[in-house]
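Encoded as structure tokens, the structure appears first; notes follow it.
The chains carry the letters A, B, C, D and E, assigned in the order they are written, with residues numbered from 1 in each.
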Amino acid sequence: MQQPVELPDRIEVGPVIDEGHSLASVSDKITGIVLKRKTTLGWIFGFLVSFAVLQNLMAAATWLFVKGVGVWGINIPVGWGFAIVNFVWWIGIGHAGTLISAILLLLNQSWRNAINRFAEAMTLFAVMCAGMFPVLHTGRPWLAYWLFPYPNTMDLWPQFRSPLLWDVFAVSTYFTISAVFWYVGLIPDLANLRDTSKKRWQQLVFGGLAMGWRGSARHWQRYEKASLLLAGLATPLVVSVHTVVSFDFAVSIVPGWHTTIFPPYFVAGAIYSGFAMVLSLMIPLRHFYGLQDVITMRHLNNMAKVTLATGLIVAYGYMMEAFFGYFSADTYEKFMIWNRMTGPYAMFYWTLILCNIITPQFLWFKRIRTNVFVLWCLSIVVNIGMWLERFVIVITSLHRDFLPSSWSMYWPTLWDWMTFTGTLGLFLTCIFLFVRVLPSITIFELRMLLPGARVKEPIAQ
Amino acid sequence: MRKKILQIAVTAGIGLLSVACSRLDMQDQPKYKPQRPSDFFADGRSERPPVPGTVARGALDVDEAYYTAKGADGKDIDYFPIAVDRDLLLRGQQRFDIYCSPCHGRIGNGMGMIVRRGFKQPPSYHTDRLRNAPVGHFFDVMTNGYGAMLNYAAQVSVRDRWAIAAYIRALQYAENANVNDLPAEARNQIPPPGREITPDSVYEPLAPPDPDFNNFPNVPATPAGVPGVHGAGAAPSNQPERQ
Amino acid sequence: MIRTEQSFEIAPQLAGDLKKYQNVSAFVGLVFLALTVAGIFLPGGGMEQFLRSYLVGFWLWMGAGAGCLLILMTQYLTGGAWGVVIRRLAEAGSKTLYVFWPLFLPLLLGAPILYKWIGMQNEPVIRAKSLYLNVPFLWGRWVIYGALWLGLTWILNKWSLREDETKSMEYSRLLEKISGPGTVFFFFTMTFCAVDYLMVLEPRWFSTVYGFMIIMGECLTAMAVMVATLAVLVRFAPMDHAVTKRHLHDLGKLLLALTMLWAYMNFAQLLITWSGNLPEEIIWYIKRWNGGWGWVGVILLVGHFCLPFLLLLSQDLKRNPATIFWIAVYLVVVHAVDVFSLVEPNFQSPEHVHFFISWLDITAPIGFGGLWLALFFFFLPRRPLLPLGAPDLLKALNHGRSH
Amino acid sequence: MPQIFSSSSNSFARASIVLAVVAIGALGVSAWELIADSTWATRQGEAREQPIPFSHAHHVGSMGIDCRYCHASVENSDFSIIPPTKTCMNCHSQIWINSPTLEPVRTSYATNTSIRWTKVYDLPDFVYFNHSIHVKKGVGCETCHGRIDNQALTWMQPSLEMRWCLDCHRHPEKYVRPREFITTMGYTPSEPQEVLGARLVKEYNIQKLETCWTCHR
Amino acid sequence: MSTHVVEYLHPIYGIMAEFETPGELVEAARRTREAGYRKFDAYSPYPLHELDEAMDLHDNRVSLATLVGGLLGCAGGFGLATWCAAVAFPLNIAGRPLISVPMFIPITFECTILLAGLTAAISMIMMNGLPSPYHPVFNVERFANASRNKFFLCIESEDTKFDREDTARFLETLQPEEISEVAR
């Protein structure tokens, strides 16, 4: 017989849910935010500010319809200006939600449970903001349905060899599946809200949305299967969406766009900005709604680590672009990278390097990762950096292309800025409404993290 | 366009209606296409006549005879300033049937459809006066009008006018022709007596026409024996046309 | 500390088996390597062909070792039960680099024969990158790669053993700390290594995703070798009571993910190059598309992606040690085809593209495989098959047992 | 009591979902498609009011005047002109000179102002259309404009939708006729259209131009 | 523990027992099944995988439907792209072949995911008989906690073994918090 072996039983990381919670207490805490908590002045103020900013979009879009896309700063050769920069930025932000939900569900990462609902909602709102830009950019948004294949009087079908059409399919599929995934995840919590609320109209609304969910074991069995399937489908979907966005650029032959690393590098960048945005929003939410016990330090720490990892992949992408700019020995490639570094937009490039590569290196230190305020500031810096990245990719590649005679500069106009800030307003307005009327944390999954929720505790050998 | 109305309705439905209804579609663009009215010019037309005296590059009408049918003495010329051949005659026949036959009738007897409806009857080509008139006379009438007939300068190009003039000569010749003038093989194809020439039958082309009326060659060999043909081949036949 | 009566010793029968595998592998490896070397003088061979086939076989198995190193570092960073159960396999695999790094030497010495760019110094395209593409720097980079990879391998293995012995959190933290920067540096060096030895076979060609693509292939080979080995080990103590179906399932999922990532990188490169259709880029695909090479592409598409993808989708196949073993072995074999198609088609003129294969292309991968496995089975039993000092060992052992 | 809804609500909920899907998905889309394709939207076959009730039926049908008498530019120009007032006066200086219907024509001629006709075949401005090439390749007037000799007031025979254009551009052999019958109304091919059409396509070198920039330039 | 039995004129839907912990519910479900009951259901505020075994639930139809949906989407996406690009609207774009397989893959993929995802969600909802805003179990006052923190087991009257007295007695042996009859 063997000598007894001593095994370490150290738990290094913090808990995903603080001690002292029970099934009833987590349910009541989260439903209470929706049902019982008084609408605070802070919420009203924040909502009104966001709503006011949203009016920028309304005004800018109206003026766009009146005058046409000429009100934007775009022209030859920079035909893709702010609209595409912001589209890619928003759709990138929209990647964290489904990624957190889907990949982490597949990987059985329990820390996902507290943040997935919020991140998914964020995804939906970000994709809404993103989708608006290409549609506005067409100049005639009321004909946007032309993008879809349907029998029409023109006898025309969309051009399936164009990456822009892939984009239409990818973004609309992404929005649909994300919305479905989000709603399916909401059903049990809506049932909880239905059963907890005391007001008749609330019961009717939540009851209607919950579709009569009653937590039957037979239902749960299919429900879990469907959730898992949706997660399995959503994971490659997330990757595909930003891949397709990168194809919008890479399938062309414009130097700076036509490069094979774009797909993985865009996907990493999207997750990077997405996680940064989740942090930017989650930290205030956690603070103002007192959710420190369910969104613990461990969550923030892990999200910071993912941010760092994806940031490093993005850095790898920049390095490869620069290296192969040299290694290609191609005049245009070389000029492109040189122009980025020293050309008229060099300021943007170096600010981007500062925001996206240098500053996030602080995340190597645990002290930084667990300092909530510094982490929040870093996440904002990353968001700015990722926006600059798209600006640099879109503008610097176009403004100096093959023919020096057509070189030009691009500067956004007032209407560009108003459209962009307006979508920020739209995004925040939706977020404010969401945290007010729906449970921003998945209650039923939170219950599963509780010590008493397991039928039997695993037995140590 | 009603499609635009639809789009306006839909646009309004989704809350995007703005003051810019006129921009909702590119069906009607603020540009001039032929015969489109204009608010800018006093006469309300977008089409502008060239400034008087303007000559388009390569369109200087130096050949008096060809463009005006007048000789140096100011009288109508009695020769064709272009080569006359079968293609030109066929072209002339087609143009005659389009522009002249409504009044002059298909055989040039002055009994066209419009005349039957009350238009002043034009003289028949088969009078001695017109048979002896120089070919320039017909060209001049087409260009400047004559009596109740307004000019056709805008509708019939210079070259076509000469083609019609040639065809008129052919009609005049045919009207006085003798069976014996026909070649032997053509004589056999004459319909037996009893078949009358009806309006329907004259609508049929008199001869298998060349399929490409617009591109008939400019300088073919001149067939002999056509009256009124002088100086064949000497004419400046590649002159650009003048309306 | 938790005391457990359970044994973590390697079962005697397993120890014997491993010894046997080691010997067989070594024998096969040496025989086939000797055959490959003999190929220099035999018909169908020659010096250049020898070097090409050497590159095919060497890259496949050097990549397996490098992949093990990367997976070793990754599992420290991500945590998770899958990492704990294969940590020792990854360590043994990474140690093969000790032997495989010097094996770069024939390639370096034979570089003037193998790499056309060395003779093309007067061409503008090559001259424009002479700062990077020159022979002294090529040797210099080999030293840098070695220093970094061997250094990382040495320190990771050392600290891991220390962690076992001391059961101290200090080493666990150190391992995690070194793995972060280690991964970053490994990515860069391996990218440049792939440029040095594979990409420049086509001196004018370039592709920015190449590094990613090669590294994914290496991780796939490494993971496949480890999964196959684990599927054998689960029959014996201590793995029989440590590894559950759930572990195999997770590792199978990782194999699936790596298969998909490999396909993803390849598809990205294909679609972008194909749609760009620029002369300096498309040459790579022209040589792999025409003259019979297209069938290799079809084999890769179907064999390297579609088939394993469908097989690994099945939960039952992933959970069954026998089936996952064969899937993993199959993946190594089919990846050899991939490495073959990375190397050989470059040695033909774009005007005259035709399929060819030398018998050396078969013996070299088998020879290096034997050598690699011999080393692997030599290093594997030198320490406990499970990291007894790992902080999340207990959690990993309980993985898949809670319900 | 957690029971919020009455027992009838189940059927109601299910029915409303099915209804919503049908209403939005099927009906909405098809209704839109039907409206866009309807003659109401395209104004196909709708006799349009004109400043003078000009009758093609009279001038072409009973008088037998050739199309080109008035639309003289059709063979040489991309645009087939609506004739100037002078063309009307070629005849109407002599006949119907007291008709009040023709008063606008006389006024126009006397004052040198244009008559503002209503365009019946109004292609969108982003479409380039060339009459002369169609005429030259054997597309008869009747093919697009229908039996104009039967139309008292002019209406639009085709829908002018893009698919109508494309149908002929893709299958010209179904529509072309010999050039000498271009202006013929009620034309019947002398041999089966498939045979004749195929031969003419070859003979006239008719290309199947389907690229975007054929028409949108 | 107390038992509320209300006499209804109409036949009841079933008898429901309430439990405090998930372990008790799983044990109760297992014993109910062992006792020969088939038409019964367990209700919990979060999924309990142990119930699948205890109640012998093996419904793979959602996966099957998803697979079918995915295959349809895959074929449909590729078919649509091919039909549009090669049959309905053939156009030479930069000299690429009409059927450019690499370029059709993104859309084929998106269609696969879209249809599979929608099928997964819709088939789950339909197979669960949702929406059913009205359900007899909601007639039990304390069932409001089923979505909060309590665990319920309901044996339905349609079960062949069901007997109002016997079943109630059987449920009592499971030591629930409370037993109630469920009005239809």
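As a working rule, a contact is a pair of C-beta atoms (placed from the backbone, for glycine too) under 8 Å apart; a residue touches a chain by one contact, two chains touch by 3 or more.
None of the values given here were measured: they were computed from a predicted structure.
By the document's definition of touch, common neighbours of subunit A and subunit C comprise E.
Graph distance from subunit B to subunit D, where chains that touch are one step apart, equals 1.
Summarising the inter-chain layout, the chain whose CA centre lies farthest from the centre of subunit A is B. Ranked by the number of C-beta pairs in contact, the top chain pair here is A-E. Farthest from subunit C in terms of Cα centroid separation is B. Centres computed as Cα averages put subunit D at a distance of 58 Å from subunit E. We define each chain's centre as the mean of its Cα atoms; on that basis subunit A and subunit E are separated by 30 Å.
Annotation: 72 Å between the Cα-based centres of subunit A and subunit B. Averaged Cα coordinates give subunit A a centre that lies 51 Å from the centre of subunit D.
Taken residue by residue, subunit B touches two or more other chains at 25, whereas all remaining positions touch fewer.
Shared interface positions of subunit A, i.e. residues touching 2 or more other chains, are given as 155-156, 194-195, 207-208, 211-212, 236, 243, 247, 454-456. Residue positions of subunit C touching 2 or more other chains: 271, 275, 403.
Subunit D makes touch with subunit E in their complex at residues 1-10, 13-14, 17, 210-212.
Only residues 267, 270-271, 274-275, 277, 403 of subunit C touch subunit E when the two sit together in their complex. Those residues of subunit B whose C-beta lies close enough to touch subunit D in the complex are 1-3, 6, 25-29, 31, 33-35, 37, 43-45, 97-99, 102, 113-114, 117-120, 148-150, 152, 154-156, 205, 209, 211-214. On the subunit E side of its complex with subunit C, the touching residues are 49-50, 94, 96, 102-103, 105.
Note for the complex: subunit E touches subunit A at residues 21-23, 26, 29, 41-52, 55, 57, 59-63, 66, 70, 80-81, 84-85, 88-89, 91, 93, 96, 100, 103-104, 106-107, 109-111, 113-114, 116-118, 120-121, 123-125, 127-128, 130-135, 137-138, 143-149.
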